[in-house]
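These are the structures in question, set out in turn.
Two complexes follow with chain A in common, the first pairing it with chain B and the second with chain C.
Moving on, here comes the complex of A and B:
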């Protein structure tokens, strides 16, 4: 779950990292007032979750409050990668002597957090790592031992930083690492971290991601930042179809019918579960099919849940048929799935035989499932038909 | 032979009185696994399908050797259950629970490393050495498990529990049995990665080849490619890569918690290239896995 820049900066401020003076504006008028209060030159930054903000024209400079108002109006009207800005951050402009980079993230290979630090900040860190490897340090720290100053000092000193800059940079790196650990973040980045003409350091831009699974344990922080449960922070806001998918899943605790994502095809998918859905979605596409949706159903869902998901998929305009497919299942019952999808078709006023292009759920109660499907004239295939072959057969039935 | 578990392996189930765990216990006993006990605080003295229940892990480890533990408790209690098992001296822990926060996983994985214990999962279906024993919900009911999994010489590792079964079934249909199949878990940080399990398969004379299910996200496939290049592994490896459609959708999470394209190295195209460069054959369809394995086993 991504945080907006202004939220990340709120967390940095709370933990003693110096920042430019700033104010969040929701309208051009508020930006003008903010710029006047800050005095002097300002920078205005679009508050979107998407990257590539600078290139898209989401960051503008202003010398006067009037200019700030005009810049804010332009930024607020500009969608970046399909996202409307949540506001515009108005900040004082400072004279910068040097830019640094610092990030804390997970290294899944080492299974530990890693601090990435560079004395060449402000630009793409991957590129710096390629062209100037001695200027990028990577320093892991333990999940068990208390986080100590020397770890942060090591990260900074490894790039050759010494003298008066070492102590203040160490403190900022340590604070960022503590924020990362305390709030279950998956990324905590300050880039650029700027050294000003007077020798002090401030965080000019910051980017933070929190782990989805940690939302329950971080309610206090989310409350402080004003982030509601319904605020999913996905790359794009959920469509009404996707919201309804989440409601179907939440309505019944048995099994899961999660991650309903809308696509613009004509073939509805009732597929499961995690890995099976990825495999089947690929299989449909490689057979030339155009999926109307992605979903993950599994964990032995009830008849009602399978029916509700089926009905939802069929409610999407342009969906001619659905394919009901899973990998060989361990605990999901094929007969319950069969009853569920047939009920979903009937509830949607559709003939199951014409609507269900194929049914492939090998595993427990598959014989009972096959009998039910035969009664309604639905094509059933067993495990001798592979996932890819089943997808091909379903696609072949599409108009 | 097999890796990790066999018919001699005695293990306990933490959270045994939960609804899913009760079903799993019955399936495990029917398959022939040696489930010697279960732990649910406050339920001491009860039994689940004849398996005695205690309040603590130590109640078992103090008077018998316990080879492993299945952790099947809710996410909020998972870290505590894993620490209890490690502290009681158990060396193999299978965590089936989903949605355990990453920092907690990293903590108990680091503790396990220090204590010489191995963790499989979280968010997995477990381990099976076909015809010998299984540990976890993998395969479901005993008869369904016998149908999908047969004894043989292919090691299976998969980031998806369901696809572990699908791949084993495809191997079985093609006449290739399995030595041991491991559902390694779908999270970003897991106890044992492909490369960390490969030395066990390499050391098992009954394993002749490896089948792998992989996904976008994370460095696990790159780590496996490095292992294959550096170790001089004797085993032919065939991998299947799912989620190819995700390459065009960076930042969107589908499937498991560990499945997200964040950078170029996370894409399926990049992973396929890396694995092929290390001599791993990559199948486009599940049914190609046994075909490619047979070609390599005959070579």
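Moving on, here comes the complex of A and C:
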């Protein structure tokens, strides 16, 4: 769940990170008033949940309140990657001596959070990492034990920062890491983190993403930020197909049939199991397939739930066949899934044998599942066929 | 209409109030129900049968779970 820049800055301010003076404007008139109150030159930034604002014309500069008003009008009228801005952040413009980069994110391979720090901020950090690797540090820490100053200092010092800059940068990095852990974030980034002419540091831009499942636990924070339960923060409004997918999941507490996302392909996917959905979706794409949807089914859904999801996927215009695939499962029964997808096919008026391109759910009750599938003329594919090979076979059957 | 599972039980069960109540209690997917004093099966739940055999443990051969796909 992505936060707007102005919300991320509210969190930074709450935790003592210095920021430019700023005000959020919802109209061009408010931007003019805000710029007048700030005094001097300002920068106006579109508040969208999308990157690439500068290139898209969503960041403009103004020397006077009148210019600020005109700039805000242009920004508010500009959709960026299909998103209308939630407002314009009007900030005082500051003279910058040097730009730094700091982010805290989750390193899935290390299974720990990592602090990424660079003394070359303001630009694409991936590019810096490639062209100037010595200027980017990666420092892991534990999200279970108290975070020590030493870890933050190490992250900064590893890029060669010494002297008077080390202590203030360490404090900012430490605060950002604590925000990351405390608020269940998946990304907390300040870029650029600017050193001003007077030697002080301020966060000029910030980007934060919160773990979607943390919404319940972080209700207090979301309340402080004014984020309502209905504010999903998706990049686009859900399609009717996706709304129906969410309804299928909510209608039955048994198992999961969630995260239904619509695409424009012809192969319906009923996929899941411990990260298997992402792997299988990628495998279908790698094999040249065109998925009609993404979804995550698992956790031992009921027959009714599996059937409803299958029927929904088959209801999408252009879906010729479905691929039913999972990783090896212990917490989802292959026979229950087999019943569900066959019932879903028949409820949708389709012949399971012609509709199910592949059924690969190895694991618990697979022999029983194979019997059910055989009764309806559907081949069962066991674990001797890899997920990638299963995806290739399914794509080949699409013709 | 169930496609995969049918559950049969002996008519003699209707005379055993305790057993009828136990069948309703033990089934994890609510296949058994009491319509007044009459034991019935819920058609919409039959295909959810997990083949756990708890009903058979309770009633022995007086309950039979039939796999329609075999």
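Everything below uses one rule, namely that the second predicted complex is superposed on the first by the 238 of 399 C-alpha atoms of A that agree within 3 Å, B and C clash if a C-alpha of one lies under 4 Å from a C-alpha of the other, contacts with A are read in each partner's own complex, and residues count from 1 in each chain.
The rule is simple: a contact is a pair of C-beta atoms (placed from the backbone, for glycine too) under 8 Å apart; a residue touches a chain by one contact, two chains touch by 3 or more.
Note that the coordinates shown come from a computational prediction; the quantities given were computed from them, not determined experimentally.
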Q. With the two structures laid over each other on chain A, which partner does A:368 touch: chain B (first), chain C (second), both, or neither?
A. second
**Q.** If touched residues of chain A are counted for chain B and for chain C, the larger one
**A.** B
Q.
I'd like to know which partner A:302 touches here: chain B for first, chain C for second, both or neither.
A. second
Q.
Output check: A:339 vs chain B and chain C. Expected answer is one of first, second, both, neither. What do you get?
A. second
Q: Could you pull out which chain C residues touch chain A in their complex?
A: 3-4, 29, 44, 47-48, 50-51, 67, 69-70
(Q) Can you tell me which positions in chain A touch chain B when the two form their complex? (A) 106, 108-109, 111-113, 126, 142-144, 181, 184, 186, 211-214, 217, 234-235, 259, 261, 272-279, 281-283, 285-286, 294, 296, 298, 326-331, 362-364, 383-384, 386-389
Q) Mind pulling up the chain B residues that touch chain A in the complex? A) 20, 23, 75, 99-103, 106-107, 109-111, 114, 125, 137-141, 144, 148, 158-163, 165-166, 169-170, 173, 186, 188-189, 193, 213, 215, 218-220, 223, 240, 242-246, 251-259, 263, 284-287
Q) Which part of chain A faces chain C closely enough to touch in the complex? A) 302-304, 333, 335-336, 339, 342-343, 346, 368, 371-372, 375-376
